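Heads up, the next two complexes both have subunit A, just with different partners, subunit B and then subunit C.
So, the complex of A and B:
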């Protein structure tokens, strides 16, 4: 294995910097844990964590469960947009319209430059129309979320698509007599599954953390529910924040595992 | 590559008639064009139209007539003040983020790539850069809020009152502290690849040619990294400038920055004379973002030149 770079600072200096900055970033997490352990009677105990299982809190949990359910629906719609609309279009443009590649990239990365709070101003009249036409259900909001996850999903899929020589695969499949649909479903999509999986997971992570659009369009999701609960029972909201963070951490570790697995297999194949 | 072809596969039968081939391929081309229609329609409905609405809704009145009256609202002292506060907040937190993030990246060079320390910092960075928003505001309040962990500790151990000079946490100073928590991780994510692309051999070459470590950084390292540093600063600036959720949860009253002014305008849209205000503020934000992101694109192209 390669040793640390010759550019690096002295060993103890590296450790000092990492430990100090690490401590500064660990403090809020520790503070949140300590906060949830405070006993109203003084000292520390698990009483607030115990309240998680207390049926008397159903009113607050009702909020949370609605939020979690809505966020799950939104995640489903958003992931569906990524898999059904974005991914096939990317493959198609890659194979058949190479000249449009730059245009597609520009459009997909554009939402980075448009703040969510600005998009909300444009979404508001659109969702007024949607609300009148098909009701104020939560799932149409997924169309808006599809736009906000576009840059992340695009990058995840593009990293995979650029690495598999899709054109060669498609030509080979066609010369063996495969139809266009077979090329897409039996050859290209299986080769893209890691990119599609990490695009889906990152979309899930973004949707679970989204607050701006939902709150200003008066829809309930996990984050808006956290804010409501925070006003009634700050302990409960911090416990739920810790749990959400834990879930998010596992999700991102999974994303890392998915893309890391691809990387290590590729290097192994080379050696 | 997972798809290996068997070596002795029979020669595929392809349509030999050129006319049949041509008509099939033009039919396929038509099919391919239809293939990109759904996504194009989606982008049109949910990206193009909302962007156009937020760009221009401030410029037209309720009857669809062009009215520059709202534009003059941009010169209103509170609005100007909010833009100034937003730009100041973004610049200050981006500067802190670049500085602290650079130090952290530099320190990480001392650890083996793929080792435990790098993996932990990598994972924590992508986690914290992604999960800002409401939960970050809660974390800050639990740490240095009125009943926060650090607040109580300082009071108990040193009789120090963090809030002797008023509830600053819910104004700009609180926002600076909160934003740093997502700016530093974003800096690590964007800048570490540039720093690791700096080759140790160049340092050795400098030393062999009679230079010192100081000469290397002054004449080679910093000039090479300067575009990446500037690009990271611009990205962090844009990140803070467009952030909303943390500020909304932390500063629940008042509207010191532009995104919060948009909230006020949106929730009081029915108020007379305020119609279109959200649109004008959004237009102002888009102008600032366009300048920052265009510069970012130009600078990062320059930065990418030497990283192969």
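So, the complex of A and C:
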């Protein structure tokens, strides 16, 4: 059997693959940038980017700031669900109920196969009840987002959990006198930091990019605000979209930087 | 590059805190312990008493229940019935973290986010020992295992042997009542295994700690233990000193598992076995009639004249000696141990004789039970 490296394209072909895939991502972004640089008077300029700092756009920014604030609340609730509910459940299943691992995996990956529009059909009657019980504030929408981020958060945490011999570490800590709480806080969570950070940041990125559920449940978040602004000023809408994308890239770079930094610190000097 | 071997000998003076404060060890007892996993019974009426400061190995093939017995003692598994006691106090039902144990696992179990020093300090911190005292004791423990220079290294920066040494220091630093070793050497290469097992034994003797060592490697068990318990099918087949097990196995299972032996047909008459014309005493009592006996390779020797003719099938050089497998004209195969300079090749004709050393007897089907 040929090794995977032997099957990999070489030379010109590998560069061609990189260029084609790069173009798929780069062309829309370049087109968006070019669009924001178009000057109504002809040619290209930074006139639309200058609108970001124009006090006359306060009303449009008001929409955006409300959307950003709401998305931030949603992100907090979603990340809290991931850290407080999902992560401990995964640890518990991993250590105490390993036979349930497949079931948990199936449940967590299920949302990725259900279109958002279908999820909303299910959420709508639930949120009707939630709205009556605790009001129609933005934060309860975080429960729905908690479900939509499950596949990504699960994968990030599971990859980390599977790589640290959690069971052995827990038993070693217990034999040294640690209680269950101490095992979780002093042994497992520090070693799951990379997975938890990745899960949190990915959840944040998903929440910031979510439109369908918020729109169909009549809630306002960053993406619905961008759509509103787009109807008033498409240039400003694209500029804000680009800034959101940039924020997403920075988050991913942060994940990579943190995990890479920790890897190199712990393995430096290994014989 | 970090060597997998200690860069210096562990401190041998009594100035080390752990050595200075050595105890007399605690007795351990298993009483009628049974353990089921679902419908599968893993431990059957498991009984064992271990004296204070004793080093006992649980030896047996995979699945015989030796690790389960250790985990029951550690509290990592609850017995289905029966009880265990440490220091004369029943601990069945007491959580692992309150049993005052030290444990070294087969898999590398150092906490990856802590350096060696903080790994060793962990158990002391759980016992609310002051930071300064915990640091001092952890350094002493690292010194004891010859790794004081690796205090600031993370587990990923240590070799397998070094990781298990740090794990040993971590298990010993709290001065536990019992030290449990769950195949701690099985992931290491041969040379490091031998070094580390000797080091474990030396430390155990110096610290006087009761130790239970689980292994499937009979050489390892025989080399370091005061007593060895050979397990099969969830119970102890025989427990005794290494010499007892090797020279006076109580059953064919023990004889087969401990040491190498050739199984030969025999005729039993009045507690003596006639094997290929040699009259050998038997261990215990055996019924008259046909049987099989187990003969150790060191009890079969090559002779120039007389004896039984055979031809060489394989001959393995083992450094200080040579082990040769021969086949008789009847097709019987035997292992013979002899001097390393007696070089033999495939097909060489040889003659062998069997020394009159007591052999263990296995009845063949249809033979009456021993009287």
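Just so it is clear, the second predicted complex is superposed on the first by the 235 of 271 C-alpha atoms of A that agree within 3 Å, B and C clash if a C-alpha of one lies under 4 Å from a C-alpha of the other, contacts with A are read in each partner's own complex, and residues count from 1 in each chain.
One rule holds in what follows: a contact is a pair of C-beta atoms (placed from the backbone, for glycine too) under 8 Å apart; a residue touches a chain by one contact, two chains touch by 3 or more.
Given the structure is predicted, the values throughout are model-derived calculations rather than measurements.
In the overlay built on the shared chain, the residue A:116 is in contact with subunit B alone; subunit C does not reach it. Using the contact criterion defined above for the overlaid structures, shared-chain residue A:190 touches subunit B and also reaches subunit C. Of the two partner chains, subunit B is the only one touched by A:18; subunit C is not. Of the two partner chains, neither subunit B nor subunit C is touched by A:220.
Look at A:172: by the touch rule set out above, it reaches both subunit B and subunit C.
With both complexes superposed, B is the one of subunit B and subunit C in contact with more subunit A residues. When the two complexes are overlaid on their common chain A, residue A:182 makes contact with subunit C while staying clear of subunit B.
Residues 164-165, 169, 172, 175-177, 187, 190-191 of subunit A lie at the contact with subunit B in one complex and at the contact with subunit C in the other.
Those residues of subunit A that touch subunit B in the complex are listed here as 1-11, 13-18, 21-22, 25, 27-32, 34-35, 81, 85-86, 88-89, 92-93, 96-97, 100, 107, 110-126, 143-144, 146-147, 150, 164-165, 169, 172, 175-177, 180, 187, 190-191, 205-206, 209-212, 215-216, 223, 226-227, 230, 234, 237-238, 241, 244-245, 248-249, 252-253, 256. Residues 1-4, 74, 76, 95-98, 100-103, 105, 107-113, 122-123, 126-127, 153-157, 159, 167, 170-171, 174, 180 of subunit C are the ones touching subunit A in the complex. Within the complex formed with subunit A, the subunit B residues making contact are 1-3, 5, 9, 12-14, 28-29, 31-32, 35-36, 38-39, 42-43, 45-47, 49-54, 57, 100, 103-104, 106-114, 117, 121-124, 126-128, 130-135, 138-143, 147-150, 181, 184, 196, 198, 200, 203-204, 221, 238, 241-245, 248-249, 259, 262-263, 266-267, 278-279, 282, 285-286, 289-290, 293.
Every residue of subunit A that touches subunit C in the complex is listed here, in rising order: 164-165, 168-169, 171-179, 182, 186-187, 190-191, 193, 265-271.
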